[in-house]
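Next come two complexes built around chain A: one with chain B, the other with chain C.
Up next, the complex of A and B:
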């Protein structure tokens, strides 16, 4: 399956929700510690082995840590930039006309963005300034700032069914669940003893979410009873950087880790680790599962490579 | 007690009714938790950007987004931005670019700055030149050092001309990332790594890039830091010193000038004496924690070395280009490759270097071994003890909290300070401690007795308790049964009935605690085992639930042969379910087996199967009210809230004082959006058991959802009179 070489270190990869053969990749120079960033919008090559046609590329003055496709418009992207800005890009426009907006409110690095899949008009950004901000595409300033975490917020994710509910994961070792209609967070889950780097909601059970932590584990939680996790998935050898639920199977998850592997998990079965891919040669930091093609996976890492492959096949196979 | 009543107490299978504090959101979640699979994420299709889809009318939108009123007042969209959006609306999809260009052209003379920001990003110089390559390599090797936790030893670097902003980025980001890489190392190791990097880049090694280490005890740390702040002129001794040092360094161009001016200010030995002075202050601080700085440092070094050596490295990591960078760096090859001009080090520079190396390490040591050390130790101790806060508590109490707090107070007073800092701190600590204790009560399985029990001294509290229980006076029955088990702590029946009463009263934590005591007294009691299985299911504790259900099967006279005599190391749901299916085939007329199967399927969220099992059991035992409640709870979990209400009604017909069923009824109404109705049921449940904490929480959620904020006060103050008057059933 196809492999794309990025000039900088990969940070995040996302499948388009509109085109089954399109992905976007966020990259940063020098592991995001210092330097520029670049966003690539790529089409998957028509035949395996052929090069990736690049639809668009946008440069930024600082590393790009994450991006999210708009759920309402097929060419619109939101990017989380290390300089604290959140930028909107239209990949159908030339680089000179981009970004459409640069929203500069966060005072520290923005680590993740998530586009609302049900309302489709708003998105969240989570940043190292301990806050989450709610934005809409049509406003020049954030709608709201959520400030309760005591340390960097590494991820925020919308609930797949409740348009106003989202969860956030922080280095303060907690997950908070929020309803944007409420003034404060509505639930605090002390999910790990170590920093929590990522989280995602189950797409088929709106009460279940998974968290990924520096403690090398992934934990699955039911917000109705969060005293104990529903499942604890061990198997990564270093901090787990990202976790994503499958859009097709309720209990399936993909994760990537500083141990350079991408793992697939089914938290409902006895041997939860159902797949392990060892194709990256440096930290694996971005992983995604296609909504439109079941079993299609994408990953990126600090080895500057983007892989797209079908579950069960070798990502490195030509 | 007949088998029929086996599961009487463990009535609820509705996980949403488990006793945990739900916030206001839960309504949205719990409310439709049932609709588990009805709506998948709709896959957006490729649609042309018709008007209003991409950028909706801004005015509508501002109102449409919930929560916007909670934050900023609405900002007027800036002129050009809204112009752009207006035109965009007007534009067909293809005309988008034109619209943008038009606006750009129209505004060329005076481009508002904020809209242009980022349009032509000021890229940083690409890091390709020789010095940049050095930097790049250095960062590589830093990241690389995380593999196997090798100490990071960069070689001396040439001057790179990094800007202050660059330095800050490197410092902050590498600190935060290092905390992720070196998760299993301590903060000192992380700081050592980061310091090594910063040092080689000549970056101020004040590595508090992003606050103290994150942890559960932040509150304490903050308090500590605050009180520290009050004790010293500056925020940190280390800071003050470093700042002063830097100031001198910055002001004076030549080395001599610096030395002179310093000597002028402080005398020839000024620096040393100042250092001593501050050091002795530190020593005071450290004494408080009973920690000796040099010893700790030595210990830490040894431990780190041992850890590094013990680390078994993945061959893949060995092949990593980072690792190769690292070794290259340590051999200095990279420097020779790039052969940069190094600044000629003068006498002053070397002298400075000497002092400088002494300085920061001292400062670091203070920063990370001083106040934090205490917190670290505290946290570490907690970690080792895991969830067993009791053990931790015991150990802690050995440390004589009060003595320690007194001493702290004394020392603060000696430091001639505002005395109440220490008091505040100690108070806050006590508060925090109590909170911790309360939390741990929840999950520790320790039974909490009521104060002021009128049944203590009663001649036969067990009989009294059984009577009260039969009459449905659960809270009274609990008191009587508590009196019984206080009198006869080994009475399994007393504990069991107490557990059942708690479960019916909607308190699974107490139910589990009581049942565990019952099991201690009688390890093979089937009723107790089944109750424990069900209660753990309610708490979604799968492993524990499976263990008890399996034990039930093993000790059962009829099905015991199905289970292997020794308990397997780990139980899998599928295996246990298979055993019970076998049992059901052996005797299809045994309702208990079907009940366990129903519970098991709840555990795996196979609600359709669970419903079928409970319905089978109900055909055999139509008058088991707790079984009707189980059926209702399962139906509620699988979208069928309306059916659930019928089942709960049946349970209440059979047992009108069944608190849990009343509360579950309320949940089902709330799930259907009928909040007013749900409130009535919660209030009814609470009037029977005002201690049902989760029912209070559900009530609060329903009150906000029904826009009855006027009654929130009554809810928060638990004023049942007002609530009952307002919401009669």
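Up next, the complex of A and C:
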């Protein structure tokens, strides 16, 4: 399985929704504390042992914490930057013409960006200034700002079936479900006793979402009966940094954690842990499952490595 | 924050207070999908009076009223209150002047002793110090939303005020007492001298003078005594507050020590060394463990739907050990240094008005969107064939050598490795979950069930009639009483058909057009009643 070495510490990796063999990696220097950042757009090598061809690389003044591929343009990327800006890049243009846009409205680090998979024209940014902002690619300013959380918002995710619904996870230990047509949040789920670092919607059940928290657990919630979780998945040794539902199987999800592992879970099964990979030697911070290729996983971490492998294979195998 | 508290969510909250889990909402009728509608993403529970009363008690607490509104709201949200309940509680609390300052002088029994001190500047300096320490002392023990920064800053302020007040009193008294003392001594001495001189002059006047001198001396001594007494009092007070503060800090210290010992134990297993980090959420989560007075208030988890994968480990988060170089960089940054490898990069857009290029490829359907109707076992093969198509079409992929000889299976698309085959074959207790064989990958979208044939025509008739009455009320917000009035006869019908299962009636109504949605909701209401 190919391995890519990034010069900076990895923060996020995303598969392109247009090309099966394309990924983008967000990295930040000095663990993201203080330093530059870089975005890599890579293609999967023709054979597992070959190196990754790099299609593009973009340097930023501050670390890049997350990125999202556009669902409407095959080469457009949105980057969440630690200086509070959201930047648009076009990987088909040379680095000198990039970024296309730099949207500076957040007052603190932007932790997460998510592109709307149904409307395909808008995206969200979640930042440590307790707000989430809604943007469209053609507008220079945000369309809306959602300010209700009492602490940093760590993640925002669009509902895969309802174009106007999204959820946000925050350090104030709550998950909020929003509807862009409503002025405020429509639902507040006190999902964990500790900070919630990530969340994702089930692609096949639009009322189910999973949250990952500092308390080392992943909880699966049904918004129709949100008082108690549908499932509590324990097994990680430290805080769970990211959780992603599989685009191909309804109850399967991947998670990465500060215990340096990437785990696969199936919350409908008695023993939910269906896979565990401990290929990273530092915090595993980014994980993604390909929408176009079933079973293809990618992960990155602070050990400055990016792995791409098929579920069931050894990511470190040559 | 202010944007969130609006009337609109209030309305939508009460509208969907009729539990309408599946009935499409009349207001958002533009959502054509027959399956779950936006109303699913709204709190559909009615306001729980008990929770509201608890919240009112919490909000009426004087300590709480000194805290910012957003922390009060956040606390209530974490206790599981809905937005409507929180708004209701805020409405009920007789809200005095909302002050955002954390340390207001409040008539607190703890502070009455400080109020007794005479209004010297030292006492005034004490009062803000006392109020700073008292909230600091109380916050950790009483339910509040705790931010560690909150507490530490208050502790720092308290220490600062104490020091300043101590220094101030020392200086003042030094300036006041000592000159007085000196002048008193001088007076005595001069009196003695004058006495010596005037001794021969007049007896009674001498006595008078000595008496006066003695009185003055006594008065001065009394003054000095009083002043020193006051100083002592204030010092005692200060010491007491300081002692409390130190106790709190000790508690904090102990907890941090216990955390670090547990981490050291863990580090014994790990290779990395490194002390407790200060970074972001690991620590924030860690510090939250020290202040969980409200943990027991967490909603009980219904054991039935919850499935744990393995015996739950301790849910207390311990901070993960950070790499050594991470600690170095943190230390450097905290000292204010810039790490040497950071470059100045200009990442501004070179042309902010550059046109966004037109998309070259059409967006591809998502795997979950493709199966609106039926499971499609050929999905997998579709991807493979489409992959081939992309391999030929995509110009930008020229980098990839397509001539790997096997266009149907690039190395990352190996389909022989199925997720179901991994190690867990024996665990596939899939009887309940049906098709694990080939493609159960997609759950079907919810298709509304066909309405059953009408078994009881009278029931159908009765249902249809109150529908007209209910329809009028749908434009305005329906309340429980009003809708139930309109369907009294329906209640009788419901009892008949209850044997057929509540589903039947709901199905029958769902089979009707969307205006029956109000009917559906009121039916369910009736059932609940």
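Convention: the second predicted complex is superposed on the first by the 318 of 318 C-alpha atoms of A that agree within 3 Å, B and C clash if a C-alpha of one lies under 4 Å from a C-alpha of the other, contacts with A are read in each partner's own complex, and residues count from 1 in each chain.
Following the convention adopted for this analysis, a contact is a pair of C-beta atoms (placed from the backbone, for glycine too) under 8 Å apart; a residue touches a chain by one contact, two chains touch by 3 or more.
Keep in mind that this is a model prediction, so the values were computed, not measured.
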Contacts of A:122 with chain B and chain C, given as first, second, both or neither: first
Contacts of A:143 with chain B and chain C, given as first, second, both or neither: first
Which of chain B and chain C A:207 touches, first, second, both or neither: both
Touching partner for A:61 - first (chain B), second (chain C), both, neither: both
Touching partner for A:40 - first (chain B), second (chain C), both, neither: neither
Partner chain(s) touched by A:106 [first = chain B, second = chain C, both, neither]: neither
Partner chain in contact with A:17 - chain B first, chain C second, else both or neither: both
Touching partner for A:279 - first (chain B), second (chain C), both, neither: neither
Touching partner for A:244 - first (chain B), second (chain C), both, neither: neither
Common interface residues of chain A - those touching chain B in one complex and chain C in the other: 17-19, 29-31, 33-36, 59-61, 71-74, 76, 87, 90, 92-93, 96-99, 101-102, 117, 120, 137-138, 140, 145, 150-152, 159-162, 164-165, 171-173, 177, 179, 181-183, 185-187, 190, 193-195, 197, 203-207, 214-216, 223-225, 227-228, 230, 238-239, 247, 250, 258-259, 268, 270, 282-283, 291-292, 302
Interface residues, chain C side, partner chain A - complex: 1-6, 8-9, 12, 21, 28, 31, 33, 35-36, 38, 40-43, 70-71, 73-74, 77-80, 82-83, 145, 279, 281-282, 284-285, 288, 292, 295, 298-302, 305-313, 315-318, 320, 323, 325-326, 329-330, 333, 338-339, 341-352, 354, 356-361, 363-364, 366-369, 380, 383, 387, 390, 394, 396-397, 399-401, 404, 410-415, 417-419, 421-424, 427-429, 433, 441-443
Chain B-touching residues of chain A, taken from the complex the two chains share: 17-19, 29-36, 59-62, 70-74, 76, 82, 85, 87, 90, 92-93, 96-99, 101-102, 104, 108-109, 117, 120-122, 128, 134, 136-145, 150-152, 159-162, 164-165, 170-173, 177-183, 185-187, 190, 193-195, 197, 203-207, 214-216, 222-228, 230, 237-239, 241, 247, 250, 258-260, 268, 270, 278, 281-283, 291-292, 302
Residue ranges of chain B in contact with chain A within the complex: 15-16, 18, 20-26, 28-30, 32-33, 35-37, 39-41, 43-47, 49, 53-58, 61-62, 64-68, 70-72, 75, 77-78, 81, 85, 96-97, 100, 114, 117-124, 126-127, 135-136, 139-140, 142-143, 146, 166, 169-170, 172-174, 176-177, 179-181, 183, 210-211, 214-216, 218, 314, 316, 319-322, 383, 442-443, 539-542, 572, 574, 604-605
